[in-house]
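Chain naming follows the written order as A, B, C, D, E and F, and within any one chain the residues start at number 1.
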Amino acid sequence: MRPSQRRPDQLRPLRFTRSFTQHAEGSVLVEFGATRVLCTASVAAQVPPFLKGRGQGWLTAEYGLLPRATSERTPREATRGKQGGRTLEIQRLIGRSLRAALDLPGLGERTITLDCDVLQADGGTRTAAISGAWVATHDAIATLLASGALATSPLVHQVAAVSVGVYRGEPVLDLDYAEDATADSDMNVVMDETGRFIEVQGTAEGCTFSRAEFDILLDLAANGIDEILAAQRAALADTLPDRDLAGEANG
Amino acid sequence: MRPSQRRPDQLRPLRFTRSFTQHAEGSVLVEFGATRVLCTASVAAQVPPFLKGRGQGWLTAEYGLLPRATSERTPREATRGKQGGRTLEIQRLIGRSLRAALDLPGLGERTITLDCDVLQADGGTRTAAISGAWVATHDAIATLLASGALATSPLVHQVAAVSVGVYRGEPVLDLDYAEDATADSDMNVVMDETGRFIEVQGTAEGCTFSRAEFDILLDLAANGIDEILAAQRAALADTLPDRDLAGEANG
Amino acid sequence: MRPSQRRPDQLRPLRFTRSFTQHAEGSVLVEFGATRVLCTASVAAQVPPFLKGRGQGWLTAEYGLLPRATSERTPREATRGKQGGRTLEIQRLIGRSLRAALDLPGLGERTITLDCDVLQADGGTRTAAISGAWVATHDAIATLLASGALATSPLVHQVAAVSVGVYRGEPVLDLDYAEDATADSDMNVVMDETGRFIEVQGTAEGCTFSRAEFDILLDLAANGIDEILAAQRAALADTLPDRDLAGEANG
Amino acid sequence: MRPSQRRPDQLRPLRFTRSFTQHAEGSVLVEFGATRVLCTASVAAQVPPFLKGRGQGWLTAEYGLLPRATSERTPREATRGKQGGRTLEIQRLIGRSLRAALDLPGLGERTITLDCDVLQADGGTRTAAISGAWVATHDAIATLLASGALATSPLVHQVAAVSVGVYRGEPVLDLDYAEDATADSDMNVVMDETGRFIEVQGTAEGCTFSRAEFDILLDLAANGIDEILAAQRAALADTLPDRDLAGEANG
Amino acid sequence: MRPSQRRPDQLRPLRFTRSFTQHAEGSVLVEFGATRVLCTASVAAQVPPFLKGRGQGWLTAEYGLLPRATSERTPREATRGKQGGRTLEIQRLIGRSLRAALDLPGLGERTITLDCDVLQADGGTRTAAISGAWVATHDAIATLLASGALATSPLVHQVAAVSVGVYRGEPVLDLDYAEDATADSDMNVVMDETGRFIEVQGTAEGCTFSRAEFDILLDLAANGIDEILAAQRAALADTLPDRDLAGEANG
Amino acid sequence: MRPSQRRPDQLRPLRFTRSFTQHAEGSVLVEFGATRVLCTASVAAQVPPFLKGRGQGWLTAEYGLLPRATSERTPREATRGKQGGRTLEIQRLIGRSLRAALDLPGLGERTITLDCDVLQADGGTRTAAISGAWVATHDAIATLLASGALATSPLVHQVAAVSVGVYRGEPVLDLDYAEDATADSDMNVVMDETGRFIEVQGTAEGCTFSRAEFDILLDLAANGIDEILAAQRAALADTLPDRDLAGEANG
C-alpha cells in the first residue's frame, strides 16, 4: 500500500495555474500533489555566442529550490557561491527536454529562458518542472504570436514528464517524497504527444532492476504521461485574459 | 497624482497569507499590492560559532529575487556565483530589524533563519519582507511554544516597515515601482509597536532632502506602519490549524 | 556504414592496463579505441561527515578532461574556477555506478575515491571510465585484502558500461566521436554481471526514439556489456607484481 | 563622560593630507583622530556598459580595510575570495554620497573611481572615507580642469559625513571605536554644503530610538558636518604644487 | 649515498615520447625517472587582448597534477575552485621559460598554449615539464611549417631545465622526491643551448647556501642541462609520421 | 646613465618608520625611494592545522597592492574574487624569506602573519617588503619578549633583500620602475647577515644572461644588502615608546 493510498498507476492531483505571476511572457504554477513549482518563460531577443548569426533560436533552463521548500532547510546556492551537481543535472535535463518541443530555426534569433523554482517539494520536482515548463513555453510563444513577432508557432511538440519506480517491490507511478526516499529504483521519463521518448533516466542506487521491471516501468510512465498531456491541454483550453491565442498544440 | 491613483498617505492593499507552504515553522506570503514575498522562518537547534556557549539565540535573514519577479529577467545569483551588494544590504537590514523583535537569551541556543524570496516585485520588496517576516517569526515561535520547547515567548516587540519618498515633489507613502523608479528620494523606515525607530535609511540619489521634508516623511511612515501593525495583528487573529497559540505581541 | 568500418554491434578494441601509475591503490588505463581514460582508486581511512559513525564505507568519483584530450582545446576547469555541469553529471554517474558494485558496510569506515581523467577523447569517455574504474576498484580492494586490512572482499558485483545510439537511422554499439557528434539519439547503459541494470540514460536531443528502437538499443548494450565484462575478467587474470590476489569477481 | 574626554558635541581632531601618494589624480589621507583612511580618486576615460553613449560620466567607490587596521587582524578579502556584506554596503554608500556632489553630464564620458582604504581603524571609517573622498574628488577634477580636459567644474556640491549615536544614554557626535562598540544606537549622516541630507542611516541594533532622540542626533550631526565642511575648505586653501586650481566648492 | 644510488652528477633516465596523444599540435610524454609529465602544445589563431593588433604571437602555460600523481591523493583544483599558489608559480615559470625560446613576432598573431599535466610525480616536475614542453613546442611549430602557415621557424632557442640541490651536505643533480623532501636547499635552473641562463630560482627553506655552494650547484646544473639538450635533439631525430620536418633547433 | 641619475651600485634613499600604525605587534613603513610598503606583523596564539601539536610556530605572509599604488589603477583583488599569480608568488617568497630568520620551535605554538601592503609602487616592492617585514617581525618578537610570553628571542637571523638587473647592458642595483620596465633581466636576492643566500630568483624574460653577468649581479646584490642590513640596524637603534627591547639580531 502506498503511503498516499494511491493505486500503483495513479497520479497525484495535477494543477496548472497560468499567469501565476505577471511579468513573465509565460508563468505557470504546476502542482503534482504537494509538489509546487513556479515555471516562468522569459523571451530575449538574442542568442548565446555559439549561435550568433545562425538564424536560429535557443532555449535554456535554470532550476532552483527555495531554501525551505524542503522539510529540512536546504542552504541557498547563491550563498554557497555555486549551483550544486544535482541542480546542474536537473536544469540540463529540463533544457534538453523542452528544446525537443521546439523548431529552433522557427523561433528566430531569440532565447527562451525557463526558470523552474520549487516553492514546495514533495518528490518529482524535475518532472513536474518539465510538465509545467511546457505550458509556460506555450504561453510565451503565444505572446510572440499575439504581438506579431512570430507568424507561425515553432512549438512542434507537446512534452510532459513523470517519475516511476519500484517501491517495496512494486512498480508505481509518480512517486512522492515518502516513496522516493525509500524506493529501490527510480526512473524519470520524458515523452512527447506521439508516444516517443525524449529522455529516459533510470537509476538504481542501492539496487538494480531487471529488463522485465524496466518494461513495466516504461508502460506505467507512458500511461501517466498521457494523463499529464491531457491535463496540459485542458489548462490551455481556458482563455487567458489578453494573451492566449490558439491551441497550436492541441491537434 | 500617483500612477496608482492612491492618496499620498495611502498604503497599497495588504495581505498576509499564513501557512503558505507546509514545511517551514513559519511561512507567510505577504502582498503589498503587486509585490509578493514569501517569508519562511526556519528554526535550528544551534547557533553560529561566535555565539556558542553563550546561552542565547540568533536570528539571521536571507533575501532572494526569483529571476522573473522583475519586468526584465534578473540573472540568478546562484548562477553568477555570488550574492550582489543590493542583496547583502537588504538581508542584513532584515536580520537587524527582526532581531530587534526578539529577546535573544529567551530564545535559547536556537537560530531562526528568515528566507525572504520575492515572487513578484513592484517596489518596496524589502519593507514588505520585514513586515511579512515578523508574522513568520511569530508563527515559528508559536510552534516552539506549542511543542513545549519554549515556555515563554521571546517575541518582545512587533515590527513592521514601509517606504516613503518624494515623488514629483510630493511626499508619498508606500512607493510602487512606477514611483520608486523616478522618485527624488527614498526612505525605508522600520518601527516597533511603541512607535520607536529600529532603522531609518534615507537615500537621495540624484537629489537631496531638507530637514522639513525629512520630518514629513517620518510622519507619513509612522502612520503607515500603524496600519501595517494592525494588519499583522488581524492576520494573527485567524486560527491556524494546529499551530496558532496566543496573541503575545498584541499587548 | 560506420566511419570506423565497424559492424553495428561491434565494440572498439578494448584494453585495460593495470598499474599504469605507481602511487594509487588501483591504477588502470582503459582504452576503448582511441578513447583513453586513466582511472585511479585511492583508499582513505575516513568517511564523509554524513556517514561518520555509521560503520560503513563510501565511494565517490571525480572526472576530468585534460585540456587537449579533445580535438579543440577545452579550457581547464581549475582555471575557470569551477567544474561544469557536464563534469558534475558524469562524476555523479560514475560514483553511483560503482557504489552498486560494493557492499558499503563490508568496506568499513573507508572512502574509495575514483579519479577518472581522460587523456584522449574519442567518444564514450564516461562509459569507458566506469568500465575502467571497476578494475581500479578491484585492485584497490585487492590491496586492502593483501595487507590484511579487510578479511573479506566487499566487491559484490562486477560493473561495466557502454553507449549505444541511433546513427543515420541505424542502432549501433559503442559510438565513437564521429558518430556521437551526429547521432540522432544516445544512451548510456550500466549493467552488472547478472544482466541487471544499474543506470540507463537515454537522450534524444534533436530527435526522439520509439519504444521499439529503445528495445533494440538495450539489446545491443547488453551484448556489448557482456564482452566488456569478459575483457575485465581477462585483464584480472594477469598477475600483478605484488598485488593481485584472487578473482573474487569471477564467480 | 566619553572615553576620549570629549564633550558630547565635539569632533575628534581632523586632518586632510592632500597628495599623500603620487600616482592618483586625487590622493588624500583623512584622519578623524586615530581613524586614518587613504582616499584616492582615479579618472578613466570610459564609463560602465550601462552608460555607454549617454554622454554622461560616472563615479563609483571601493572600500577596503588593511588586515591589521583593526585591533584583531581582519582576514584579507582578496584571500577569502569575496568582499563581505559590510564592505559592499559601505562602498555603495560612499558611491551614492559622492555622486550627489557631481553633475554627471558635466563630467563627460569619464569614470571617477574612489578607493577608500583604511590604514588604521578607530570607529567612523565610512564617514571619514566620505569626507576624505570629497577632497580627493575635488583634486581629481582640478587635474582635469588644469589639463584642459574639462572647461567647467562638474563638482556642484560639497559633501561631508559624520556618525552620531546614543552612548550610555547620551547623544554624542563622531563616535570612536570604544563608544561605537557599546553604543545603543548609531546613525551615519551625509549632508551637503546647503544643509540638505544626502543619506541618513540610523540603526538601533539591540535598542531603539524615539523621534525626540532622532531629532537631537540630526542636530548634532548637522553641526558636526558644518565643522568638517570648513576643515575641507581649509585644506583646499593650501596650494598644491602644480595641481590646485580654484575653490569651486567654496561659494 | 643518494637513495637512488646515483652519482651526485647523474641524471635519472630520460625519455621523450612524441605524439603521445593525437589531437594536439605537439604532444610529448617526458619522463625523468618515475616523474612523468604529459606536455601538449596547442596552437590558436588569436592572441590575448593585451597583444591584439601588435603583429606578434604569445605563448602561455598551464600546469596540473592528476590527483593521484602523488603518493597521498592531492585534492583536485577544479573541485576546490581555484589553482593554488604553487600551481600558479610553476605555470608562470614554464611560460616565461618557453617564451625565451621563441621569436614572438615571427610566430604571427597566434597563441601556443602549453598544458603540462603530471601523470606521476617523483620530484622535479616543473623542470621536467619545461624540458618536455620545449619538444612539444618544437612539434607544434613543425606542424605550422608543414602546413605552410609559417614559412620560417620562430623557434630561435633550445630550452631545458633541471633541479639541483644540497642533499645531506652534498650538491646533487636532478633531485628525486626522496631527496627533495629532505634537501637543505633546492634550485631550479633553466638554460638555453648557448649556455645562457633563462631562469635561476634558488630556495633555501630551513637552510641557506653560500656563494661557493651556489657556484658548484650552477656547474652541476649546466652539465645536466647539456645532457638534457642532447636527449631532446636525439628525440627529434626520430621521424614522426606525417609531422616532423626539420631540425631547426639542432644547429 | 640611470633615469634617477644614480650610480650603478647606488641604492635609493631608504627609510624604515616603525610603529607606523598602532594596532599591530610590529608595524613598519619601509621606503625605497618612492616605493612605500606598509609591513605589519600580527601574532596569533595558534598554528595552522598541519602543525598542530608539533610544538613549533609558523610565519606566513600576505601581499597586496592598493589599487592606485600604481600609475594606472590596478583592479582590486578582493573585487575580482581572487589573488593573482603574481601576488601569490610574491607572498610565498616573503613567507619563505622571513621563516629563514626564525627558529620556529623557539617561537612556540604561535603564528606571525606579515601583511605587506604597497601604498605606492616604483619598482622593487617585493624586496622592499622583505626588508621591511624583517623589522616588523623584530618588533613583534620584542613585544612577546617584553610581555614575558617568550623568554628568549627566536629571531636567529637578520634578513634583507634587493633587486639587481641589467639595464641598457649595464648591471645596476635596486631598479626603480623606469628601469624595471625596460630591463633586460632582473634578479631578486635575499640574504642574511652572514652573507649566505636565502633566495635567488633570476628572470630573463625577453633576454638571457651569462654566467659572468650573473656573478656581477650577485656581487652588486651582496653589497646592496649590506647597506640595507645596516639601515635596519640603525632603525632598531631608536627606542620605541614602551616596546623596543634589545638588539637581539645585531650580534
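Going forward, contacts are C-beta pairs under 8 Å (C-beta built on N, C-alpha and C of every residue); 3 or more make two chains touch, one makes a residue touch a chain.
Going by UniProt, the chains are A, B, C, D, E, F = Ribonuclease PH.
In this text, all values refer to a predicted model and were calculated from it rather than measured experimentally.
Touch-path distance (fewest steps) from subunit D (Ribonuclease PH) to subunit F (Ribonuclease PH) is 1. Among the remaining chains, not one touches subunit B (Ribonuclease PH) and also subunit E (Ribonuclease PH).
When chain centres are set by their Cα atoms, the one at the greatest distance from subunit A (Ribonuclease PH) is F. Ranked by how far their CA centres sit from the centre of subunit C (Ribonuclease PH), the chains are topped by D. Its C-alpha atoms superposed on subunit D (Ribonuclease PH), subunit B (Ribonuclease PH) is turned by 180 degrees; the angle is given in steps of 5. Subunit E (Ribonuclease PH) has its Cα centroid 33 Å from the Cα centroid of subunit C (Ribonuclease PH). Averaging C-alpha coordinates per chain places the centre of subunit A (Ribonuclease PH) 30 Å away from that of subunit C (Ribonuclease PH).
Look at where the CA atoms of subunit A (Ribonuclease PH) average out and do the same for subunit F (Ribonuclease PH): the two points lie 60 Å apart. For the pair subunit C (Ribonuclease PH) and subunit F (Ribonuclease PH), the distance between mean C-alpha positions equals 51 Å.
Those residues of subunit D (Ribonuclease PH) in touch with two or more other chains are numbered 81-82.
All the chains close into one ring, and from subunit E (Ribonuclease PH) toward subunit F (Ribonuclease PH) their sequence is E, F, D, B, A, C.
Remark: subunit C (Ribonuclease PH) residues 21-24, 27, 34, 36, 38, 40, 42, 44, 62, 64, 66-71, 73, 76-79, 81-83, 87, 113, 115, 117, 119-121 touch subunit E (Ribonuclease PH) in the complex. Within the complex formed with subunit C (Ribonuclease PH), the residues of subunit A (Ribonuclease PH) that make contact are 82, 84-86, 88-89, 91-92, 96, 99-100, 187, 192, 194-206, 208-211, 214, 218, 222.
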